[in-house]
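Here the chain labels run A, B, C, D, E and F in written order, and each chain numbers its own residues starting at 1.
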Amino acid sequence: MSKLLNSKNRRLDGRKLDELRPIKMKVGVIDNANGSAYIEFGRNKVMAAVYGPKDVHPKHMMKTESAILKCRYHMTPFSTGRRKNPAPSRRETEISKIISEALEPAIVMTDYPRTAIHVYVEILQSDGGSRCAGVTAASLALADAGINMRDLTSGCAAGKIDGKVALDLDEVEDMEGDADLPMAILPNLEKVTLLQLDGDFSHKEFIEALKLAKKGCLKVYEMQRNALNDKYFGNEKA
Amino acid sequence: MSKLLNSKNRRLDGRKLDELRPIKMKVGVIDNANGSAYIEFGRNKVMAAVYGPKDVHPKHMMKTESAILKCRYHMTPFSTGRRKNPAPSRRETEISKIISEALEPAIVMTDYPRTAIHVYVEILQSDGGSRCAGVTAASLALADAGINMRDLTSGCAAGKIDGKVALDLDEVEDMEGDADLPMAILPNLEKVTLLQLDGDFSHKEFIEALKLAKKGCLKVYEMQRNALNDKYFGNEKA
Amino acid sequence: MSKLLNSKNRRLDGRKLDELRPIKMKVGVIDNANGSAYIEFGRNKVMAAVYGPKDVHPKHMMKTESAILKCRYHMTPFSTGRRKNPAPSRRETEISKIISEALEPAIVMTDYPRTAIHVYVEILQSDGGSRCAGVTAASLALADAGINMRDLTSGCAAGKIDGKVALDLDEVEDMEGDADLPMAILPNLEKVTLLQLDGDFSHKEFIEALKLAKKGCLKVYEMQRNALNDKYFGNEKA
Amino acid sequence: MASKKSLVVEYLKYEQMLKEISKGKRIDGRKLLETRSLSIEPGVIEKANGSAKVTLGNTEVIAGIKIQTGVPFDDTPDKGLLIVTSEILPIAASWAEPGPPNAEVIELARVVDRGVRESKMIELTDLCIVEGKKVLAVFVDISVLNVDGNLFDAASYAAVAALLTAKMPKYKIIKEGEIEDTGKQIPLVTKLIPVSTTMALINDAIVVDPTLDEETVMEARFTITTTTKNSICAGQKGFPGGFSLKQIELAVDTALKNGESIRKKIKKSVELAKKK
Amino acid sequence: MASKKSLVVEYLKYEQMLKEISKGKRIDGRKLLETRSLSIEPGVIEKANGSAKVTLGNTEVIAGIKIQTGVPFDDTPDKGLLIVTSEILPIAASWAEPGPPNAEVIELARVVDRGVRESKMIELTDLCIVEGKKVLAVFVDISVLNVDGNLFDAASYAAVAALLTAKMPKYKIIKEGEIEDTGKQIPLVTKLIPVSTTMALINDAIVVDPTLDEETVMEARFTITTTTKNSICAGQKGFPGGFSLKQIELAVDTALKNGESIRKKIKKSVELAKKK
Amino acid sequence: MASKKSLVVEYLKYEQMLKEISKGKRIDGRKLLETRSLSIEPGVIEKANGSAKVTLGNTEVIAGIKIQTGVPFDDTPDKGLLIVTSEILPIAASWAEPGPPNAEVIELARVVDRGVRESKMIELTDLCIVEGKKVLAVFVDISVLNVDGNLFDAASYAAVAALLTAKMPKYKIIKEGEIEDTGKQIPLVTKLIPVSTTMALINDAIVVDPTLDEETVMEARFTITTTTKNSICAGQKGFPGGFSLKQIELAVDTALKNGESIRKKIKKSVELAKKK
């Protein structure tokens, strides 16, 4: 019987059920990029960069009334437990798509007609929750690139381990646990723009997890604001 | 010693040497397509659809004096005994080419300059003779799409089993038999537009098989006409 | 202990340390090509052909002030000890690049603006030193195509076997030896345009090998001149 | 997109669609949370280990099952393999191009896969023959024959009905490491029945089982797969729009309710097919 | 297509070609059913297990054979493998691009393969080493060096001559499942010699061994492979035109006759090569 | 190329760069044979078997090591595998496109590979577990994070530092042919330390460790990898220009000297990392 919680409902790494892993964020980390950010979300290490708005290739993908968003979520071969084959996996293709769809509603796409905005998310190390860390980093990179945005996109998962709803599962909890619910929201517009689910939730647990994930996203949003302030207004915290 | 014929020259499924398998044809089966048809040729189940005439991509393939014909013969992964790998096989590439070349002489290509006509043949279940079933279905789909045609293309194979020339081999007969001669003709123009051969024929047997295959094609042609009449003039047979 | 030299410093095939393998060259061997050449360099058998100057595809690769050079070094599946997989290998991609870069400085690229010059090197049989044989054949093919050139490119390797610096290693010497230094030069411009190295050289040995390789290249250059004379001035040697 | 209609007609239709939805109705006469007519026909591909053709409105899909021996993954030596692929056949729509699957098609296969896998419909340890060496691989290959919206649900129902009627080869172990196909076929053991429900967000309203026309104007999509009237096993939000928490709660309620009704239809079609 | 000629010259030549053919002649002086000069040189690639260079008019082709161990297919555990590939090397024509083979090149390889395979020239069961585990794989790789029409026949003759002179490694079984290369080479056993004859339909006439110019104007192509003066083992019609039954009968007669004559040439070249 | 600068500024900078170099200086203040600031940080990816991040001026690279079991090549049954790959991540430059590696990136991986392999830094026979059946495969995967010239050296230093700190799984043989992972990690044994030095030829002068701006105007590039102050193990000339013999001799002298100094830095960073 897997035991991810001790008698006091503490998790293997000592966290409470509603506690996030330690998170670090830094904006402006890639010299060549128009915007970039680095996040550590527990042991996840993620770099995101934005290039653009720039010309669209191939031409027929250009939209006359708005920008197009091209997003790639990619794992380096050394980022996973077993080495990841460098060829793009179906999983990466799917996550690229949903991250793109989670970011787009936050961007004022019509401000950049006939252009492409390229968002690249690189997972340098993954440990459960890399898509939420990735979408969060990507949103910071977009802001850093000076792209007009209505809101940030802030990501965080909730899940279920040993029968209890818990925030921000790590890899072991994701593998051995009961369910996972990765989510991302636009905190001010109050919209859920990324939502996936796998595992086994009762109706009640699902609602509980949904609300817990939202709380997590809001905490992540605070940290995103701090990270942007750190870069643009220099109020670095020691 | 394989025994595909009994003492009365009856085949494993009870057919006589010059007998076709049961054949069903239906025109107009894909709602979105410009033309379509479904055929059961024994246990072969084949769907064909036509899209076009439409714009040519990439542009440099466009012909100023006639249409171009693009044809794909494709087997679904579940259509074969062992699962077919979804990647296109060399066999499918070759058959796509010869089906295209069997259909083209029946089409008035010069009536559609600067356009492409797309013909798709999908093998849902294969059981020997799927290329002949496919070319037959494709020709019906072209007619259903209202493409100007000089003739239909009607396909049927002959072969050799247990030393005897026979019509329309099924999969077991093809594998265990001596030779196969898939063919398609333009019945009114009296042209052979598809012809392949593998196995072992004497000169005499070859000529015999050729003539038998032609008879099969003519029967298939009759059924094609009936199927078109069924759709366009409603004389459904019970 | 591998023994590539006998007591008199003779190599397995009887050559002295500074001796080339037997070399044959013939210019003008592919009827369709604008220029072509065939070389046997020991057991290496190499064919090279040039097509162009011709239109550039895709267009965006075109240079308005000069030609572009496209070079492919390719091994036929039967050219190697074990069969070579027909898919292009990373090794072939690298060698294509360095051969292209070894040829380009000899060509008056600005004489052919907005065009592409295609150079194809086909290794029909390889036996150590095929890149040097390839670049040598390619240079002859360029000359045969009438492309304006400042110089020929002449290739030859030196190496180290059983601790001694030696000219023009064959496959066994390359595999069992200590080091290899493939090189190509522009003999009149006195430039090294191809240089690679692998193995173990002391500083002194490296300088020695460098000079020996140069000597080899100059001998190859003489043979290139003869081969061109043979074709264009008919002084065939019996 | 359907190819035979003029752009003006299309535009007028979209106007009409949005107007109707704002009044709680749909242009094909359905209510917002109503699905289209559904027909499920298992057994259409006799040579496959299992198969089903699903017609959902004008959307048509075939799923075929092949069960063959394979090698387990290093980290799950006692588990069989489940591989789900999908292709929008080029016969299915004018814009469907042959070739390697694009992101939309990969997502389709992965969402169907997630529903089947996470429901634990199939116990993968049941598919082990020789631990670490030989297992059964269950291939679920989905071919879309005609596209008129909501491929996710049509593909999912076809896959599930095909699995419920699937048979697998029976192997026996002769001696250590060597196995033999007995030539017999036994039913694939299945447990819960996962049912997906896909909803579109149009003009701030949730509509169930969207048509292609509705998908063309939807802002976002949400698919929820349930296994019982109180259990959810998979979910997937798509398209560049967002849902409020309230809308997500409505969607889940709807999926649990619709799931029960579709589950009955699937069971019925499977029972009918087994009687034949 | 040859690259060095102007379009006007090409056009005039085609006119001339059609005129000559209507008079039963060809512009290179051949009769309709006459082949070009043929040279077959086995053994050109010493390091291969077998090889041959064929020159047919200006068309030049090399085939190389490699024979290596491999794993048999599940459904033919006692049979070796025959794998035929072809490439039109980019040195061979201005329009030949490097890259994965297109449909024309795949057809070329498959028609050569069919001729060899269906003739039963090689008994695949001879290539089995350990049933179900280890067999010999015979790779026939065809490289086209210069294109001037009728690649099918040139490639086929090169493949056949290379196989007739091929040697294969001799393996012995040490203990169950383990084999050892003895280092010895023994001749590949071959039986019948398949010979293909390719014909073009131009202006309703059949011409044998078409040049590239003739292929540019032909309406249809037909290749027939024979194994004796009375046996046919393979056939392939190509190009978007059609033959009458009469024309097919003429083609078969021609192929049987031409086959006998080419078969002698192949045998002679192989005998010469073996004496060396 | 850096994307944020106007063409005119670029052009003026190039003029300036050439002028400075003709005076024996460089626009970033370095001398011709001087390298940029170098930082080496091993252990940045804790879950890898080894890793290092290298910053060389503004160029940033991470190398990660994974060591897993694999199958040896037929012709080297007693040797483990070394596989080096590289990718210029699309975050690293505006022109870096995702997708299969192009010739430049393949060359980068192969030159790093050659340095490591030819230095015999790793004894591949140490990686054999069961001869002919099971060996360890050492994957060195290089990800470029930011491009500002001289990727060859940055990638090489990252790969070498990652290997020097790598640990590998310890296997034991249970019975013939069957192995078991003990769960323990032991250090990868390494010997000599290969150090590459890359030089650019600009205006007939050799400059060490070129920036991206310098690479944009260089005529040729030369990389030399040394293992001691008197041993050279690998070399690679690139770009369409040529060197005189004199220049090559200068380059080799420089590489041997620079190699010693970089080798010390690598050793120091590795020792520091091991103490942590």
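Side notes on the structure shown:
Methods note: contacts are C-beta pairs under 8 Å (C-beta built on N, C-alpha and C of every residue); 3 or more make two chains touch, one makes a residue touch a chain.
Note that the coordinates shown come from a computational prediction; the quantities given were computed from them, not determined experimentally.
Any chain touching chain E that also touches chain F appears here: C. Chains making contact with chain B as well as with chain E: none in this assembly.
Chain centres computed from CA atoms place E at the largest separation from chain A. If you average the Cα atoms of chain C and of chain D, the two centres end up 58 Å apart.
Centre-to-centre separation between chain B and chain C, using Cα means, comes to 52 Å. Each chain gets one centre point, the mean of its Cα atoms, and the points for chain A and chain F are 31 Å apart. Within chain E, not a single residue touches two or more of the remaining chains. Chain contacts: chain C has residues 82 touching two or more partner chains. Listing the chains around the ring, anchored at chain B and oriented toward chain E, produces B, E, C, F, A, D. On the side of chain B, the complex with chain D involves touching residues 30-34, 36, 43, 45, 47-49, 51, 54, 72, 74, 76-83, 86, 88, 118, 120, 122, 124-125, 127. Of all the residues in chain C, the ones that touch chain F in their complex are 69, 82, 90-91, 93-94, 96-98, 100-101, 104-105, 181, 185-186, 189-203, 206-207, 210-211, 214.
Put simply, chain E touches chain C in their complex at residues 2-4, 44-48, 51, 58, 62, 64-66, 68, 85, 87, 89-94, 98, 139, 141, 143, 145-148. On the side of chain F, the complex with chain C involves touching residues 74-75, 103-104, 106-107, 109-110, 114, 117-118, 220, 222, 224, 227, 230-245, 248-249, 252, 256.
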